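Presented below are the structures under discussion, each in the form of structure tokens.
In the two complexes below, chain A is the common chain; its partner is chain B in one and chain C in the other.
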Partner chain A sequence: MTERIPRPNPIDARPWTFYALAMLFLFYMLFLYGPMLVIYTLSFQGPNGGVTFPLTGVSFEWFRDVWRPGQMANIPVAFSRSLTLASAVCTITVVISLAGGLAFRRPFPGAGAVFYLVISSLVMPGLLVGFGIGLGFQFLGLQPDLFTSALGAQLTWTLPFGLLGMFAVVNRFNRTWEEAATDLGATPLQRLRHVTVPILLPGIFGVALSAFTLSYDEYARTTLTVGAHNTLPLEIYALISSATTPMLFALGTLTTAVSFLLIGITLVVVLQMQRRRREWASRS
Partner chain B sequence: MDPLYEVELAAVTKRYGSSIAVDSISLRVPKAGYCCLLGPSGCGKTSTLRMIAGHEGITEGDVLIDGRNVTDLPPSARGTAMMFQNYALFPHLNCLDNVAFGPRMRGERKVERHRRAREFLDLVQMSDYATRFPGQLSGGQQQRIALARALIMRPRVLLLDEPLSALDPFLRVRMREELKRLQRELKIAFVHVTHAQDEAMALADLMVVMDRGKICQIGAPVEVFERPTSAFVARFIGGHNVLPWKDKLIAVRTDQCVIDRPGAAPGLAGRVSTVEYQGPTIRVGLKTSAGLEAAVVLRDHVFKERPLSTGDEVILSWPEACAHRLAA
Partner chain C sequence: MQILPLTTILVLFFALPTALFLIVSFFDYDRTGIYPAFMLDSYREIFTSISTLRVYGSTLKFALIVWAITLFVGFNIAYFLIFHVRNAKIRIVFFLLCAIPFFTSAIIRTIAWIPFLGRSGAFNNMLISLQLTARPLDFLLYSDFSVVIAYVYLYTLLMIGPIANSLSKIDRSLIEAARDAGASRRQIMTHVIIPLSKTGIALGSILVVTQVMGDFFVVRQMSGGQSASIVSALSTEIQAMQYPPAAANAMVLVIIVATMVACLMRVVDVRKELVK
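Up next is the complex of A and B:
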């Protein structure tokens, strides 16, 4: 009597390429998150420790250091400057790219040319764009500043991304919703307010978030257009090239935390909106 | 003076560039009439409907509603309301707010518009679904909400764009009855676009068969079915054989044709190509010796007396009075 040994069916077995690609992915993850984990860990370095291992203790010393206006840099002020600039860039980007996304649904004379003009600003080297804007301001005898030249320079970067994002958002929008609204007596403004924007809102949030983060860590275009006051990325860069202490790592940990906080808040807002809809539903 | 007709189209034409979608159509829909625009896809029926609604510009001609020329008026000023093919319910509003959307745009107060919206939800038997969102409804339920949302505008004319095509066959028949009931109760005109002839025949007082931007035939369904005027109409509404007979083209109903053995009677010789069992009837498909397709629908007891099978040689004939001459 022979005993049957269950064997895996060769058809169900994974090919060797699965393991090869899985390894590749693993290395990618290591490459992506390894250095970050090192930075997060080292940001808790003891007061007498340096920028490399070993840890000489665990402290929040370097986080405290971030908030102290130093000789080289004033992180809190630069941070708030970055936040206000990013908010402005984000608002302008959303308004213009939503209008653009809606406009591009219908062909208009020169649509192709306008589209390529917008997209070409993605291809242009950021440093040169910033340089050109800086030169232009000097030529006109204007003082470069956060909310003039820097704002404009960042918009050359966030607007094309915003528009591309909005294309994807608007693409899923069914025009008959607008026709139905018109049929029910809505004026164009009412249609936008009560139908188009509410339906597109989750996508608009996504575009806003990406515009905000693009602005928040923009360096190349901002460096030559910002004028006398630095944004956070410029301040960090100045720090890296002068003094290196674990304070930089603490800063990295904090900015990462801010990004995640932002994503978290957006997520909560969107979920809240959905829940409120449902609650309205159960109340009435 | 009260005009006789609710909707009148006078030589309405729609051109897209050089192609012509609707070619000088004239049509009158009586008060409280149920009109079906019937035709294959691309025949211009939907364009015609959208021109009545005002969602599509009219290249030439006029549209009159209740005797008033509305050609240049926006959709909401015409006294029409439209039900869209995929209903176009607003996904971010619940059923009650979807129905109350029109009154809300007119600035009606919340209490008032919700009270009225509930009345219309009642009318379409959807009161229990007031707080549901469109995404939580079945196709048939969505359609009822779309109906209520259009009817709350108190239109003189309800325009329906393929309203039943997204439903399964069973639901389609039920919603068909529902549409007819609503139209009778509300006593308003319905203009209904469809490509299904059974739908048009079941619903319409006035059936308009269209092809390539033109009207082929207008009449009550029974007139169109019993006296199709062209080969296209006879073929499109179904149930007819279109055959050349004594140098003329004729249409004869498949259920009025007779099958005999060869030599038994004068008629067209042919060969049985298909036999389809349909319950109460059996449909026998033929190929004539000239290579034309024809069919005969036999009652099941008739078929049982003289069964046929594929390949049998037969003669196809019909009572002379049943044949209708067609314009080629």
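Up next is the complex of A and C:
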């Protein structure tokens, strides 16, 4: 009883470039995770240790330090501030860039101008955006604040990203689905709610996630526009310029843990959504 | 109609502020404030001061080096992920592996290089224990080398993303057609794949170059304060309330960046490729 061994198709045989590129990928991973490992290791630094090797002991001291409001920075408060701002930025970005992405499918007057406005906003060095907005608020006699100037400054960054992301999402969308909905008598709003958005949902999710991350990590645009209350990256920035402790690394480790958790949850939700869809499809 | 909110926000928070510092760059100033005027002194200072020109040169040099490295690494990794990794699930896992470090603050990831590259850092210790070097290498940290490393570390993903997006849109039958017509693998690369991924290459290049041109944190931190960038010099001026020279510097930088982007868009019609 010999089983027939499938002969490899010559087209499928791996060329030498495969091995070269696999090595490159491996090196890139080492490069990417080397410093991350340093962060994870040093976050368990002993209470008397510093931000460099060697480890003087193993402790959770610096994780505790993250939650302690210190003289230099108040991490928990700054964290919740960043979270609120990032949620606002993320919501606004998704709604507006989805509308924009859908609008760009048809030519409209001024489309070129709007596109170049978006690209210019994307390539503008971040600190300059904050500088301009800060000057503007000063001239108008307004006080810069988290949900006015800082929100606006971050949107000049997340909206272009969101729109480019939406282009990628919308391009893969088959227009005939929408036409079918219209033919069946759906109003434009029903069409958007029941056809367009559900089909585009995974892509919209991706744009939302990247908008959230971009905002959560932003400091160049925010530093001159935030006013009196710092976001998390600005607190970190302030900490680095004064005294660096392994607390920063503990913060990095925590962020990684939380993002793994979030990615895990997202994967489970997406897989379940796919399974439900398959079951639904096989039933009907 | 649908485009109105987008346009409004960008005009309000991007176009108007930019116009504002264009105006301020011509203003007069002293220690107590800025005064409306039309003078070119701030610009004259930029173009006649050797140290300012040196800062511009150094930023452009970093932008060029980092662009070349991230383009090479980014394109090859994107190509590997799209064309060589055949299992869709593994591909998603690999993409996630590339993306996960980016959820950690860029500031923290930058300073993590200091204990990695330092004299008694992880890398030097490894080299010594492997007996590759007797004494710790000094050039690794607080040098141009460490600045470039940190930039490449932070921005390669910006190259991988758009290029992978372009590559994944290439119709596989085109490659088969080229092969059937007798093209070698190198010819397929230069005549089919690279031309069809130029939108991603252009977009990635725009993102990487403008990030480096706008940086003021990495260069300060990783050079140990030895190097400056255009924007770090500018932020010093802002802190000293010297708004007109800062604004003039900002204008010159904007013009440089805009020219670079315009040249790239000349070569590749990004818009036509994206919106179709």
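A few notes on this one:
Everything below uses one rule, namely that the second predicted complex is superposed on the first by the 245 of 284 C-alpha atoms of A that agree within 3 Å, B and C clash if a C-alpha of one lies under 4 Å from a C-alpha of the other, contacts with A are read in each partner's own complex, and residues count from 1 in each chain.
In the analysis below, contacts are C-beta pairs under 8 Å (C-beta built on N, C-alpha and C of every residue); 3 or more make two chains touch, one makes a residue touch a chain.
All values derive from a computational prediction rather than experimental measurement.
Contacts of A:Thr245 after superposition: neither chain B nor chain C is touched. Between chain B and chain C, C touches the greater number of residues of chain A. Of the two partner chains placed around the shared chain by superposition, neither chain B nor chain C is touched by A:Thr266. Touch criterion met: A:Leu224 reaches chain C, while chain B stays clear of it. After overlaying the two complexes on the shared chain, residue contacts for A:Ala180 are found with chain B alone; chain C is out of touch. Once the two complexes are laid over each other on the shared chain, residue contacts for A:Phe115 go to chain C alone; chain B is not touched.
On chain A, the surface touched by chain B in one complex and the surface touched by chain C in the other have no residue in common. Of all residues in chain A, only 174, 176-177, 179-187, 190, 194-195, 198-199, 201, 277, 280-282, 284 touch chain B in the complex they form. Listing the residues of chain C that touch chain A in their complex gives 1-3, 5-7, 9-18, 20-21, 24, 73, 76-77, 79-81, 84, 94, 96-98, 100-109, 111-116, 118, 120-123, 125, 153, 156, 165, 179, 185, 203, 206-207, 210, 213-214, 216-217, 221, 231, 234-235, 238, 243, 246-247, 250, 253-254, 257-258, 261, 265, 270-271, 274-276.
Residues 53, 55, 74-76, 80-82, 84-86, 88-92, 94, 96, 101-102, 104-106, 114, 130-133, 149-150, 153 of chain B touch chain A in their complex. Taken together, the chain A residues at the contact with chain C in this complex read 11, 14-15, 17-18, 21-22, 24-25, 28-29, 31-36, 38-39, 42, 51-54, 95-97, 99-100, 102-105, 108, 112, 114-115, 117-129, 131-133, 135-136, 139, 152-153, 155-156, 159, 163-164, 167-168, 171, 213, 217, 219-220, 224, 232-233, 236-237, 240, 244, 248-249, 251-252, 255-256, 258-260, 263.
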